[in-house]
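As written, the chain order gives the labels A, B, C, D, E and F, with residue 1 at the start of each chain.
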Amino acid sequence: MKLLIVNPNTSRPMTEGIAAAARAVAAHGTRIEAVCPSFGPLSIEGHFDETVAAAGVAEQVKRHAGPGAVEPPDGIVIACFGDPGLDAAREVSGAPVLGIAEAAFHAASFLATGFSVVTTMTRTCVIAEHLVQKYGFEPRCRGVHGTDIPVLALEDGGAGCVDAIEAAAREALVRDRSGAIVLGCAGMAALCAELSARLGVPVIDGVAAAVKFSEALIGLGLRTSGHGDYARPLPKTYLGWAAPLGW
Amino acid sequence: MKLLIVNPNTSRPMTEGIAAAARAVAAHGTRIEAVCPSFGPLSIEGHFDETVAAAGVAEQVKRHAGPGAVEPPDGIVIACFGDPGLDAAREVSGAPVLGIAEAAFHAASFLATGFSVVTTMTRTCVIAEHLVQKYGFEPRCRGVHGTDIPVLALEDGGAGCVDAIEAAAREALVRDRSGAIVLGCAGMAALCAELSARLGVPVIDGVAAAVKFSEALIGLGLRTSGHGDYARPLPKTYLGWAAPLGW
Amino acid sequence: MKLLIVNPNTSRPMTEGIAAAARAVAAHGTRIEAVCPSFGPLSIEGHFDETVAAAGVAEQVKRHAGPGAVEPPDGIVIACFGDPGLDAAREVSGAPVLGIAEAAFHAASFLATGFSVVTTMTRTCVIAEHLVQKYGFEPRCRGVHGTDIPVLALEDGGAGCVDAIEAAAREALVRDRSGAIVLGCAGMAALCAELSARLGVPVIDGVAAAVKFSEALIGLGLRTSGHGDYARPLPKTYLGWAAPLGW
Amino acid sequence: MKLLIVNPNTSRPMTEGIAAAARAVAAHGTRIEAVCPSFGPLSIEGHFDETVAAAGVAEQVKRHAGPGAVEPPDGIVIACFGDPGLDAAREVSGAPVLGIAEAAFHAASFLATGFSVVTTMTRTCVIAEHLVQKYGFEPRCRGVHGTDIPVLALEDGGAGCVDAIEAAAREALVRDRSGAIVLGCAGMAALCAELSARLGVPVIDGVAAAVKFSEALIGLGLRTSGHGDYARPLPKTYLGWAAPLGW
Amino acid sequence: MKLLIVNPNTSRPMTEGIAAAARAVAAHGTRIEAVCPSFGPLSIEGHFDETVAAAGVAEQVKRHAGPGAVEPPDGIVIACFGDPGLDAAREVSGAPVLGIAEAAFHAASFLATGFSVVTTMTRTCVIAEHLVQKYGFEPRCRGVHGTDIPVLALEDGGAGCVDAIEAAAREALVRDRSGAIVLGCAGMAALCAELSARLGVPVIDGVAAAVKFSEALIGLGLRTSGHGDYARPLPKTYLGWAAPLGW
Amino acid sequence: MKLLIVNPNTSRPMTEGIAAAARAVAAHGTRIEAVCPSFGPLSIEGHFDETVAAAGVAEQVKRHAGPGAVEPPDGIVIACFGDPGLDAAREVSGAPVLGIAEAAFHAASFLATGFSVVTTMTRTCVIAEHLVQKYGFEPRCRGVHGTDIPVLALEDGGAGCVDAIEAAAREALVRDRSGAIVLGCAGMAALCAELSARLGVPVIDGVAAAVKFSEALIGLGLRTSGHGDYARPLPKTYLGWAAPLGW
């Protein structure tokens, strides 16, 4: 079984970190391949970054899972908490495509009546909130909280980051009356075990959750619906650098 | 890894059928143990049946996963589409507990922008609708449809059942503009493959979905939150036949 | 007119206290009969307790209002704030069945644009919140607040309880900008008058509200709908101790 | 106990018809006094009519229940299905004030998991829908249906009206999967018994429901909250014909 | 182009102040005519005031835009933050009718992902909240906050008012994580520029917003729908002072 | 005043058609400049198309309104009914940015209690539905309907298109009980007048609505909030073709 992990930003170290987090939980027979777009922002900390990164996800999914792809993956994970390009990827790929935000929300819903999200920049809270609304997790998600840790600062994984996230999580558990914490950034994957140990409640990293749920769906033989809203893209000319993205 | 499947009704054949459906998708190292309550209805086709059956789920979960249980399971699946006793079971068990309705809803949400549920008795549609509302799947679930096939008629698996479910599903796909079908009864598990082949869209059996998602959560090392709403039950005397259920 | 009050827990003193609260508001011609299940928890402070208690409600309603019942009641009240077994009871009884949580929510909605609930254990807040969502009181209910008073401590009715509830209510009135308080436990019925006097806003005890609303519905000649979702249970074998609950 | 029924339109025959419907269900000790505004439309079949009629309700409530009123009522019912002037009346009166739409919605919610409204002019459906949304009955109200019977045609109570309403109700029960019917006009009160007999499901007339629920609230000693949103009006000069409405 | 501004209260100075605010933003060819009802409260600070004022709006709109009106306006603005009489006015007038609350909510939604409302009396917050719910701005409006400044105190425009509103706005921006402020009273129009300068975020006065959006709709040649819910009022006799309001 | 119209697809004829539609309603002093991305699909008929097109919107908005832009526009309109790149554009531009879907929804809400959307491909209905949900128009939007007219077929403006749209609109007005029609594609702008004449209800073209609402906001001196969620993008390196999009 081959899982394609698409890191929507263009940071090589973060792509590798995400791949490592994925491999750490993958089943014995699961092979992880991690890629990032050929263009776009080094990190995603707002709508503009995310909009360009979503096109990068489209590029990578078309390349690796579109018509004529060599050895297409059995499942795809989009490894940024805003789930950029998720709907686009599902039009391309019959293999299941999961975003890490939705995967984390689903996992948390299995474990607690309510959960809180702790993320990086406060300005991106609204992105998570829009996903909560779109996906229907409003009865479950009791709060989204920023720590204002820059995404790339997470790469160093310093104790300061863990402490700041732990503090925000502790406050959220009380203020939101939550039973679980969702980590709101792919870059937090490496901190998940430490935070779980400190907090004593389920702490969910979306990368890991998406990998295991992908394995589950693949194991069930389920594929993205090609009927209706996610039907394959219509034949169409694309111009400029995007010409190869046409159908 | 041991998964406990609790069939909330007391039909032995249906318990065995559900166990078979679970084993058919379980991973190599997953051992399936299927039980049903020592009391209660042979099938669940309304609120009264379900209310008594939920207590039966509580009984079985306490017995197999409560304090002093010998070899407690690593995960628990409640195999009736109304998810009876789900919250109670989560108070008892640190091991993840999944209902098949919620598992099916989550699976469908990964594969289509909207899904429809096809269930047995029309009178039970409201049970599924209440779950959709409680869990937050209102943006995703576009309709719940009854076929008025009695639950126990599904045991025979006659072609008539498949045809009736297929017809209801086809109508739902068009009328609800849905991309996937959720089977609204554990007794439909054996028909899932045939219906998938006929309909050409994802058809989701909650038993299978719950087994794989349980494996996924166990693989992630995640456990039911013991913090807050799902804290273990408080010490308490129970009277009558329920005395062993006290804490 | 005969009203059956079903106390879902098995505490005799609490059953008698609830009966007294009911009789205190009942109309001249209303006869109150209070029962509790033959099995189950002495108090209800979580989902597990409630799930077993709901089966106890089913048992009592079948016994007193099911086929062959001698002198079936004209109305039924389920006297625990989680409204356990409410839907089941409505399948059994053509006579109106009211839960005390819903009755209290309805009463509060007639008196204020927004209300707050003050309940016992914080861990049970989520039960009230699920009812608020299910019933549709989200535009009205502005908060559910725990005091962490154990249910059975209410029996003593000590001043400490009243003070703690008053304090929580005062804070809720300000923080939630509410105009009325709903008492979130049948065991608080005896404190209602004192709290009303202290707080100067409507304080609603669900037991009393359910009794008077039952009288109102009976006076209107209205009965539970037997059409559709609340149709009488289908004929069915029940096993074990529950055999008498079959249809 | 004295109940003031305010008919928001200025039709004397309809005022008397509503009074008769109220008296038919009132308890032994309840005295019904029915009034209508000194100005405004003879029937209410749209927003313009309703807006003027609401001011008429304010006039009557101030006169009969405001400061200096002689023998103020113990409860007030606003007898038009749009509940015009309800919030205004609650600012004036400590005695409970109920609208017949809300009373009917509450009654139906006690009897069925879902109900449908059958009303007069299709153009007024949106008024009922706005109330459903405002009050929070969206999980319960499954449809609002117009019959395009003019309000004043109901006064004659011809068989044609009953047949048309029955037909609309039958279609609603099936199409909406409802278990109860709410009559969407005070003028339908006299038809309620006949429709109940024909349809075999609970049919709810808001006038009767509001009378009995008012008696219930008065029996509980509950009053409109004077705290916060429904505090008594601030002292203020009113000009023109409305000068007596000032505070 | 002629715009009719209806001030629902009967304060002449406030009517003139609103007219001035409207003229300050009106386009070169837009003529502003401001009126107020012949009856009703000098200011609107609760439901009772508003209910009477809404009838005053109906009176003025019928007079100036109803059948036989001399030189009917091309657009109408209702200049009180509760939007009293809005639906009634739309039945009368084919020319677009805008309320200042809705206009402000729409404007804010174009400029920020979330906004907060700062209004006068805390007791009127619920009026704005009901509009937010009715119009559908719940995903955008993150809070409604009272300052308890009396409406008529705004006429003096004292620095104290500006300071109090600024303080409430600053707290709202942080607590609600909002990006824009909506002024919740027509009487605040004159303070808008000063508050914008102080706060550094968009501050929206509904009077100005409604004038410009009216010009926009008129420029598009769009008119109120006469089809369905806003069809012209049915022919009808009105009694008392309201006789001229009949159709 | 200069308005930048960004057509997210790369069709020159459609860009010109949109520019013509914009100029047809623009005020005397408004200069329209229409651009399209340097890359991407010729039309947008699904999520994949839209995702790439959104990056094209980001490119154009940065170029024309970002730091160092020569003569930046006073307002920006994104002229595709999915509002691709809207949030991204608002981070870049202090000048107001409007999407044509939201502008049309807002316009319709001023004119009718409910509206229906008639769009091109049925498979894109879900895109409009997601916007309706995100923006909060669920109480207003009563249906989204596909005609399965390809976007580029609209360029020819054949009578067949008008007839098909008219038929879908007529059915929607009845089935949805709507009072206005929103055209769900920028390519329908040229058909708006004809459809208005045929249908006799408000028919809203988002391009025109967005132009006039932009003029309104600019006239009010309002700008996109730079506080919080729409703060300017953080400094960041972009790789590949997107390097010029870095900050």
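Basically, a residue touches a chain if its C-beta (ideal position, glycine included) is under 8 Å from a C-beta of that chain, and two chains touch if they have at least 3 such contacts.
Chain-to-protein mapping (UniProt): A, B, C, D, E, F = Hydantoin racemase.
Please read these numbers as outputs of a predicted model, since none were measured by experiment.
> Looking at A-F, E-F or D-F, which one is a repeat of the B-C interface (more than half the contact pairs shared)?
Overlap exceeds half of the contact pairs only for A-F.
> Please tell me whether A-E or C-D has the greater number of C-beta pairs in contact.
Pair with the higher count of C-beta contacts: C-D.
> Using CA atom averages as chain centres, what separation in Å is found between chain D and chain E?
For chain D versus chain E, the centre distance works out to 29 Å.
> In whole angstrom, how far does the Cα centroid of chain A sit from the Cα centroid of chain C?
44
> Would you pick out the residues of chain D that each touch at least 2 other chains?
Within chain D, residues 87, 113-114, 122, 125-126, 133-134, 139, 177, 228-230 contact more than one other chain.
> Go through the chains and record each pair that touches.
Touching chain pairs, listed by label, are A-B, A-C, A-E, A-F, B-C, B-D, B-F, C-D, C-E, D-E, D-F, E-F.
> Could you please specify the touching residues of chain F with respect to chain E in the complex?
25, 27, 87, 96, 98, 102, 106-107, 109-114, 134-140, 173, 177-180, 196, 200-202, 204, 208-209, 212-213, 215-217, 219-230
> Which positions of chain A touch chain E when the two form their complex?
Within the complex, chain A touches chain E at residues 122, 125-126, 133.
> What residues on chain E touch chain D, complex-wise?
10, 37-43, 45-52, 54-55, 57-58, 62, 85, 87-88, 90-92, 121-123, 125-126, 130, 133-134, 150, 228-231, 233-234, 236-243, 245-247
> Under the touch definition given earlier, write down the residues of chain F that touch chain D in their complex.
Its residues touching chain D are 113-114, 139, 177.
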